[in-house]
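One chain, subunit A, links the two complexes that follow: it is found with subunit B in the first and with subunit C in the second.
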Partner chain A sequence: MMTLYDYELSGNCYKIRLLLNILGIQYRKQSIEFYPAAEHRKEEFLAINPLGELPVLQDGDLTLRDSQAILVYLASEYDTAGNWYPLLNPRTLAEVTQWLCFANAITASASGARLVDGFFYNLDGDACRADAHRLFRILDEHLWFQERERQDWIVTGTAPTIADIACFPYVILSEEGGISRMDYPAIRRWTDRIKRIPGFTVMPGVFPAGPGV
Partner chain B sequence: MSPVCNDPVALGLWHPLAAVEDIQPFTEQRTRLLGQAIRYSKNHENDITVLDGDRRLPVTLAYGYVWTCLGTPAAALFDLPEYAEPDRRNVCAATVGVRVSAPRAVENFLDMGHFPFVHTGILGVEPHTEVREYRVDLDEQRDEILATECIFYQPQAAAGASGGIMADYIYRVPHPYCSVLYKSCPTDESRLDVIALFLQPVDEENVRAHALVSVIDTQSSDLDIRLFQQTIFGQDKPILENQLPKRLPLDPRAETPIRADKAAIVYRRWLRAKGLQYGVIPAAA
Partner chain C sequence: MIDLEAARYLWHPIAASSDLVPRHVFHAQILGREMALWRADDDNVNAWENRCLHRGVRLSIGINDGTELLCQYHGWRYANRTAGCTYIPAHPADAPARTICNNTYPAVEHYGLIWSGDSPEGPLPLLSTVDTSFVTPLRAVTINAASQQILLPLIQGYTLQLSDTGDGSLRYGADTPDAFTIILRATDTSSDRAIPAPDIAFFLQPVDAARTTIRGILCGMDEHNTDPQALNDLLRFHNRLLCNIRDRLEKAMADEPAPTPWIPIIPTVSENQASMPAINEDGRSASLRVRVASIESLSPSVKSFRFEPLSDLPEAQLPASQPGAHIDVHLPNGLVRQYSLINGPGQTDHYAIAVKLSLPSTGGSQALHEHLREGDLLATSAPRNNFTLRRDAEHTHLVAGGIGLTPLLAMARALHHMGRPYTLHHFVSQESELFFQDELQTLSGSYHAHIGLNPSQTAVRLADILASPAEHQHLYLCGPAPMLQCARTTAADLNWQDHTVHFEYFANPEERDDSSSFDVDLARSGLTLNVPAGQSLLAVLREHGVTLPSSCEQGACGTCRVAVLQGTPDHQDVYLSDAEKARGDCLMSCVSRARSNKLTLDL
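Up next is the complex of A and B:
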């Protein structure tokens, strides 16, 4: 059985748990206390991931770090329908990759602000917030145009992709960093759609969708 | 920067700053208390200094945490005798920043009604949503609030629980910004687990929330106990941060309580009687 090195309050770990749950994959969680013990920076964990970052996935003899890379692996190895990481169309594949990189920028900004406010990280919280708003405006506008084309997801197609999973956690947790989503209605509708994906699961700070209509 | 506090009640209280074990030795830490920037450091084992500018502040080490006072302490810190019981696991669960006033956070801690909706599958689950009648008394001699005969169905009452129980709860509010909860211990029927919430008012609308878990549990690791409490905390966070107004209104007409809020009603009345002003909207005279 695969092992996920995990911290419950981490959005990057949550995105892996989310896809594992959606794909119905059984796994074992190995908790690493990111805060306050900073176990991810201790020797024992550095032997697993020299970057000292969570999450890490072990599947058989494969040890994989980086949440985006883990999403790529899980989707291409275990999603038999090939929807979550569509390999066949070069254009779609490139767009997914583009938004995976965008997700990293969301982590650097929105997650940074959350680390400052909640866990007393020594970063510039206001700069993180300003950058997150810049990214959220771009995402909101993109999703608004997608909706006009009757597209529900970040990447054009009939089903959500790992780009949606990658961007979701630190968007939905943004208020913990003092980043309101009040001005981003298309983002709010998109997060509600994600919450209705079969197999969706929550983490502390994330609530399930209300009853549908 | 928020204005510095001029509330004599808040200035005379002991306030928590950090878990002793979390303080890196020989590294000065900065934090804020009642709007005031202060510093603390640990020279060697548990020798802790707290400074407001050049002024050395009084220090008390209790229940795993460092406590200080910006004014002259009006009284000793409240008693928590269970902490000293030899077979208890005392675990400082985490210090977390929350955008909420300290009194709002205390009220949420006292509220059983939110368990099934916020801590779903752990501290409560639908359809077990009823908050049964419970007692609330003000112990005048100890100057603290006591809520007793609280009972609630909990699917996973603690880190060491396996299966649901009807959990008995007792709440103490021995300090305007602290509350202590005693609940059925899932692994020993004759004892009560203790969970204490110590709030450091960073300013009127922000806290650092410090949690102490003191349990009878020979099975769970410290890490399990901490992570369990961090999960609960993480679930409360968005609820706390979305409460408006941020400061707790003490005017009895400001917010409409229901029967389950009995402890909150007595808490607000107690704060009014103390004349506490920091983190609250005082009732009109």
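Up next is the complex of A and C:
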């Protein structure tokens, strides 16, 4: 059984738990106390990931760090339908990768603000917030025009991809960093749709959606 | 600065119609006031104060279940339209107080937008100079600036800089009928342009002191006759233009200090709602006026009646009800009768009852069946719920006899909508007495009709149905007295716990004995009164100025319940369960008397 080195309040760990749950994969959780013990910076964990970052996934002899890389692995290895990471379509695959990088930018900004407000990190919270709003404007605009084309997801197609999973956690947790989503109605509707994906699961600070029609 | 006081009385756009997708809650803000905006399954748009009355959590993160909005924190449910609280999970056996009603704001749909405001009066902005037979909303763009700072840059952005876009022939003339409306008319209407140039109306939504949303609509362009790709290009073109205006303005204003946010005043509960409704001399309040909107025959002997408010004004709105609630209907012949509401969840624009003509009638059912016409006006009480439905049972058993289906129908509709498991049994003497068949078949709970059973067969069937009481299962009974007695006895014999068996009688079948005389001490009022033989406790209390709500006045409905502090009551009612009667801590003042010489009441 695979092992996820996990921290309950981490959005990057949450995105892995989310995809594992959606794909119905059994796994073992190994808790690493990010705050306040900072176990991710201790020798034992640095031996697993020298970058000292969560999450890490161990599947057999494979040890994988970086949440986006783990999503890529899980989707290509375990999603038999090939929807979550569409390997066969170069254009779609490139678009997914483009939004995985965008998700990293969301992490750097929206998660940064949350680390300042909730975990006492010494970062510039206002700069993080301003940058998150800049990114949210871009995402909201993208999703608004996707809706016009009757597209529910970030990358055009009939099913969600790991791009949606990668962007979701730090968007939905943004208010913990003082970033309101009121001005992003298309993002708010997209988060409702993600919450209605079968197998969706919550984490502290993320509320479930009611049934759709 | 904008005139904030004057702006409170205007209609402002707060969303696009297309923003309110099914089962979604839109997070809106106008003049500093946050609103939870949601469309119910019946298409009604609700604009509510964005806070739960319980712990103040934003309702915009709540769940729109199509008929009610649920708070994420403790699951309080608020009804479509009225925003009255219908259920509090922490108090599953109680009907929420009618004062638990959220603030609502008017909301109308026009020009493809949702319009609301603090206390809007008068008409919506009139667009007399442009063609609004077709409107296409642009993507709304929010700018971190006050509305008066946006007016000029927006007009300039459209009138001066369009030549930069490579389409030099496009020119707009601007007109600003009020401080929040800008009309741009294309001055060159030649049709050989690369993209169409319809007239545009812009509305500036003053979100907060330093935030404004630009809501634009393209006017007079029939989307169905426009190439979808061309339309998308046009929407992207305007979106880019507006975003550029936004980015330039925000950059220019980057060093300006942010103004203080507007603090909205959140109204407290209205006087009308906070005060107790006046009680008539006969003890029944007839606080509502309704119009008979329609009458329908459900079976040869059953008709349903739909009552609607007299106007669309908010003050005429009917208070929300919950499953199991009843209203007093004040009939034209002077009689007052109680009928269970059959409304399903979210059906808050009317009250619906179903009435069986019972002959010989004592006047109630006959007056409704034979004399009431569509369009007639009636007085009713507000809904009262003494037969509340718990929504936390693992399984709910609903057992109805004849017209006793009515409260259980409302319950079945609610349980179905919430996806809670239930079983509904309907006992009737002949097939023609069944009603709401089609709907009951489509609801999720299993439905069983039992037709033409005699009393002993009914008893056997009830014993079957109630055979295996399990924990966390609840039983709701409503029907004629002999059937109820039988079902209650059967349930007790089969070890159903007293608190899991809920029942409602049509009327008190027992002969009441009012031959005793006794004294009552009123602990709060400091009065001692004598109740003589032949007079009810309720009547004596009223004579001495102690007003109590009442409804059926025969010990069946539970409305005139009073707490007993000392003494032994002689109950005589059919509302309380045997265990409740044995506890002796409350009585029904309309029929109950005393076994001891004196009772001390919590009045």
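In the analysis below, the second predicted complex is superposed on the first by the 211 of 213 C-alpha atoms of A that agree within 3 Å, B and C clash if a C-alpha of one lies under 4 Å from a C-alpha of the other, contacts with A are read in each partner's own complex, and residues count from 1 in each chain.
Basically, a residue touches a chain if its C-beta (ideal position, glycine included) is under 8 Å from a C-beta of that chain, and two chains touch if they have at least 3 such contacts.
These figures come from a predicted structure and were not determined experimentally.
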Which partner does A:Glu8 reach: the first (subunit B), the second (subunit C), both, or neither? first
Touching A:Asp183 in the superposition: subunit B (first), subunit C (second), both, neither? second
Just subunit B (first), just subunit C (second), both, or neither: which does A:Asp192 touch? second
Of the two partner chains, subunit B (first) and subunit C (second), which one does A:Asp117 touch, if any: first, second, both, or neither? first
Would you check which partner chain A:Ser31 touches, where first means subunit B only, second means subunit C only, and both and neither mean what they say? first
With both complexes overlaid on chain A, does A:Phe207 touch subunit B (first), subunit C (second), both or neither? both
Can you list the residues of subunit A that touch subunit B in one structure and subunit C in the other? 207
Flag every residue of subunit A that touches subunit C in the complex, lowest number first. 137, 141, 144-145, 148-149, 181-183, 185, 188-189, 192, 207-213
Per the touch rule, the subunit A residues reaching subunit B in their complex are 8-9, 31, 33, 35-37, 117-120, 175-176, 178, 203-205, 207
Going by the contact rule at the top, pick out the subunit C residues touching subunit A in the complex. 15, 19, 21-24, 26-29, 34, 41, 60-61, 63-66, 70, 72, 139-140, 142, 211, 213, 232, 235-236, 239, 243, 419
Contact residues on subunit B for subunit A in the complex? 19, 22, 94-99, 208, 223-224, 226-227, 230-235, 237-238, 241-242
